[in-house]
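Two complexes, one shared chain (subunit A), two partners (subunit B, subunit C).
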Partner chain A sequence: MSGSKVKTATLLLCLLPGVGYLLALFGLPLVRVLSGSFTERGSEGPTLATWAELFGNPVYMDGLWFSLWLGIAPTIVSLCISLPLSALMQANETSRKLFGTLYKIPLVVPGIVAGFLVLVILDRGGMAGRLLAPLGVTMPRLVRDDWGAGAIIALSWKTVPFMTLIIAGSMAAISKDVLSAARTLGANHLTVLRRIQLPLAQPGVTAAVLLSFIGSLGSYVIPSLLGPSYPLPLSVHMFSEGFQQGNWPMVYAMGTLLSAMAIAVLLAYYAIIGSLSRNDTARG
Partner chain B sequence: MKPSLSIRQLTKQFDSNLVLKGIDLEVAAGRFVVLLGPSGCGKSTLLRTIAGISDPSSGGIWLKDRRIDAMPPEQRNFGLVFQTYALFPHMSVEKNVAFGLEMRRVNKRDIAHRVAAALELVGLADYAKRLPKQLSGGQQQRVALARAIVIEPDVLLFDEPLSNLDAKLRDTLRDDLRALQQKLGVTSIYVTHDQSEAMALGDEIVVMKNGEIVERGTPIDLYRRPAYRFTAEFLGMTNVIEAKLRDRACQLPWGDVRELENPSERDVEGVAIRPEDLAIEAVETDHHGVVEQAMFMGAATHYWIRAAGKTLRAITSGGRTAILPVGQKVRLVPPPMLHLLRAHHPLQEVAA
Partner chain C sequence: MKALVTASIAILLSTAAYAVEPTGSDKFNTDPGFDLGTLSADNFYDVIVPLAKKEGTVTFYDFTDSFGPLFNDRFIPEFEAKYGIKVEYVRGEDKAANQQLIAAHNSGAKAPADAYFVSSGSLPLLGGEGVVANVPLHKLLPSGAALDPAIATVTSGIDHGGTFLPFHRNQTGIIFDTRTVPADTVPTNLDSLAAWAKANPGKFVVTSPAGGGSGSGLMQAIAFAKVTDAACRETFVQWNITKTEADAFAAGDCMAPVWDYYKDILSSIEVTNGNSDTLNLIANGAGAIGTAWEDMAYDFTGRGLLPPTVRQQLLEEGQVGGGDGLFLPVNGSNPAAGLLMLDFLMSKEVQLEKLSAVGSRSARTDIDPAQSFTPEQVARLIPTEQFKERALARMPAVLNDQLAAYFTANVLRK
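Showing the complex of A and B:
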């Protein structure tokens, strides 16, 4: 018994450098944010006032849902582009070369530039509008619209290459023989994608979804440039609360809420993935 | 009766590299044909083209009288077994075997039935719930075999299925595979570069070199009476000896004269003497050569004999004779009939 206690202690000691580092760099700031959210501007003692204000203000609550929307929508849009693109890149040498170059272009364009590109092209009176006008087609409102379409387009433009990079990478790691075996057994391209490529590339897809969702959820530049004036995502609120109002407890509360939301969405995502993949595994 | 397979004038080009140079091959229904050739000669490419995974550059493939070369692989109903096993790593053994049946929309109860029967056939009934990574290489290849036969394929294709296994397992699985193929009577094409595997398995062997078929025949014919030197040398060991041809006989460099089996052969590169057909006798005088090296292999002893300016191989079997020491003078006793070998000239590369 005491031997195992010594072992546990040794183990903890060995873990200390790594875990301590994580705690110091990651845990402490998190604790600071969390505890900061239980304070109030101008007073010291712990209070729920800031949280009450956050949940009581419909402007903030609309902001929260809009943040979620801006996290989820571009992730779904880019997944719909990246998945088929990654699968196509596995099909043959020609498509690998073609798409392999194309998808990297957005990678070298900074977010703010991408935002302005979308603005110049898709805004009313922008390039697309002027090109389509002679054909009698009027552009729908895509910039500063209620649904944030412009922001979603710009965010997707940024995430597609990252997603493709990760997903194509994990798909390329699947043995070509395994894919050929599925074909000869009677699976067409789509079935191979669904039954073989997706489940085997799932860790890559998950990583890509995670990166894209977190990135878009916290994005500031693109929604302020292309998003509607109402609602504003929490990221934009956080900036103005902090730097324009000096209301740091509110910034902390919003940050905590945003992180909690991210964790909730990711847990839901894992639950869905888990139930999808259970069909084919041994525990069946 | 299972259908026959015909391949006509099949070519395959990768960029400017002509990998298959007009293959003509008929595989009769129910036959087990082995494609044998050195690495890089295009065996896998041919097999993958038959399976539909790779498209031919020209030529056609017929299953009985149905042309199939434009058909995608999922419609061909061919079973393919790979050197790498190629099992679906995220599916259990039974899910792997069931996959082809699910694609054919067989109902659930029949699937369970047929999967169980196929696993029984390959001796893996107790492993149905395992994942591939929980099996040994030999077991994995058995699963792959079960997965290929459970769909009752018109043709079974094998691409060096035993190459990743150790020697002992290779022999057992080889024998099982042959027995299974005979039981099912499926038309089969088997790719290998291992000549002993080819001879043990094939009803017929097709020898390939540089994207062409050199010759084909039963294992015995190809071993005993190959037309080409390439075949003779690829199918086991052989001594190729330059002999003086005279009419229906030939004179070997050390003086012996022997009758020829095929005296009318043209473009001759030499006569073939298999090491096991070349007997040696220890002598004190009038010797033909000396023992350069002797290797005791258990069932047989291998000799390297220096004679007529080159090194010849001889194999003596049985345990009654003592092993001759290095330096021993010997007489060579060739068999009564000798076989002429022809030179093989590759097709002129077609300019791209």
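Showing the complex of A and C:
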């Protein structure tokens, strides 16, 4: 065997653990899901019938938009909480310890427990409603409401710690000298956050947004417990199509569509962030 | 000794007075190793108990989650203590278990279990695949004599001749909390219920027909009451209806009165995603009347999850119920022990215990809750007279599923 062949073989062997893992556990299932979506229950051979049924059924299309809503809304809510929280944690040692302990509490609580907590507290006749009733205050409908408010609250409650963990880590990596220099040059806290901390922590913020969005988009338990009876997110439809109807081609098609929409939303997010960064740079 | 036992069994079999005959065929489709043709309810225990003890073990499959504690803590220990036969208890998702049984049958292997408890919806598939032993169990088992013959031989429109024992009977109904709706003012029919719902917005809690059986039960009850055309009503018992036919029926004129009923009250009712969700709103006091499974509400009240002031009823037009059953598989490893287990589970003691513990009704005609239960337990059930007069059989599952899908797409989707 020539030297170059040995080199190639060695290279392939070295790559095998990483690439093989990706191929076996990500590539193959993805191919299976994609190919499965082009089949139809009870018949052989490739067909577009399942996709036609998916796009032609308004119940599924409403489910898709509701899934996206349940992916985007908790991510925005969580970002609005996590960003200032992460910044506050950088302010001094006391705030770091205080907020650093508080935000981690929901981290250890499973999603289904969070769902039940919100149900018990915010449902009609729940704890909050009973506490406020003597004061003459009626709780707005939060569970089973058309906008999925209860589900968004529970998903945000679960997402904030993860997001804060990542963003705070990114902000902590920013040199204190840079922040001090900005302060010395007259920048206030808000300017430091907007012009220094956020741009430098951008990779961490992006990762946090990505992970939160994907997690919320595919959530099943919380929307099942707290969401409206209509529409149902695609994740809930996927379960019933698979385990109650045995319609696996539809499950594959829905899974593919959800993944494609997630990629589209993330590309849009990157485009917006990129555009904002360019504008910022141009303004100097 | 072995020869003596064999000879005794042979004598007993030869003297059988009213031996059972196979259903739907001139011969039995399973060979248990003893002569089914000479077995009868009279010689059942004399023949089967020694054989079952010799087998020594029985594998019992249960498709439910809810019955697990009852089997684990009560029925199985009781059976083992009574007969000294070890029970291997298997629980799991019935679609997978059905396919496993069919695959074993098709490959000529022994059935994975000796007695099966499955949903009635599985019967068409299992019967069609020939894995259900064609033994008229209601005639063969001594416990079968007390069963209502109609319920014991027909399930979901399928005349199986007694091969599928009605172990568990359930019923959908209406529950109400007497703290907010006194029993003498509670609506008793669909029209008064609609009027009450509109007068009390948010207080009538309805499970979505696509979300739980109590919701689809109400939908079927409305259909049985509001669809009066004879030709339309024939569809309700068309057990071989296809998905396409059911879709067309849901969208046709026949069902219009049903959808109109829902549209009339939709803005006044709370639609939930599941049976438990509905009961929780009643428990919170947020709802006053709701759709429910009788056994579930009975269980919830017994465990303090619903207030003791909750009562159950059936609407005057009637409400639907159904049930799940037991069968002996073809080619089981321990057929005698399997038969003995089925007989045990259909006995009055077990059926009464089941009703008392979880509110699961029985097809036995010799069980009257008023005679055996405390007044508190009786109050948790649908009144017996209403159950006798107003309980209706469910529609075909395919029709139900497509009606629920139509409801979601065209009524719930605002």
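Assume the second predicted complex is superposed on the first by the 260 of 284 C-alpha atoms of A that agree within 3 Å, B and C clash if a C-alpha of one lies under 4 Å from a C-alpha of the other, contacts with A are read in each partner's own complex, and residues count from 1 in each chain.
Everything below uses one rule, namely that contacts are C-beta pairs under 8 Å (C-beta built on N, C-alpha and C of every residue); 3 or more make two chains touch, one makes a residue touch a chain.
From a predicted model like this one, the values you see are computed outputs, not experimental measurements.
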Subunit A as common anchor, with subunit B and subunit C clashing or fitting: fit
Touching partner for A:Pro110 - first (subunit B), second (subunit C), both, neither: neither
Touched partner set for A:Leu200, first subunit B, second subunit C, both or neither: first
Subunit B versus subunit C as contact partner of A:Pro84, first or second or both or neither: neither
Subunit B versus subunit C as contact partner of A:Pro231, first or second or both or neither: second
Which superposed partner A:Ser180 touches (first subunit B, second subunit C, both, neither): first
Touching partner for A:Ser277 - first (subunit B), second (subunit C), both, neither: first
Superposition-derived angle with apex at the Cα centre of subunit A and sides reaching subunit B and subunit C, degrees in steps of 10: 150
First (subunit B), second (subunit C), both or neither touched by A:Thr191: first
First, second, both or neither for A:Arg144, with subunit B first and subunit C second: second
Lowest inter-chain C-alpha distance for subunit C and subunit B in the superposed arrangement, angstrom: 50
Subunit A partner contacts - residues on subunit B that touch it in the complex: 48, 51-53, 72-80, 82, 84, 86-92, 95, 99-100, 103-104, 129-131, 144, 147, 151
Sites on subunit A touched by subunit C in the complex: 57-59, 62, 119, 123-126, 129, 144, 224-225, 227, 229-232, 240, 243, 245-246
Residues of subunit C defined as touching subunit A within the complex: 93, 95, 202, 208, 210-211, 270-273, 280-281, 284-287, 401, 405, 408-409, 412-414
Residue ranges of subunit A touching subunit B (in the complex, touch as defined): 175, 177-178, 180-188, 191, 195-196, 199-200, 277, 280-282, 284
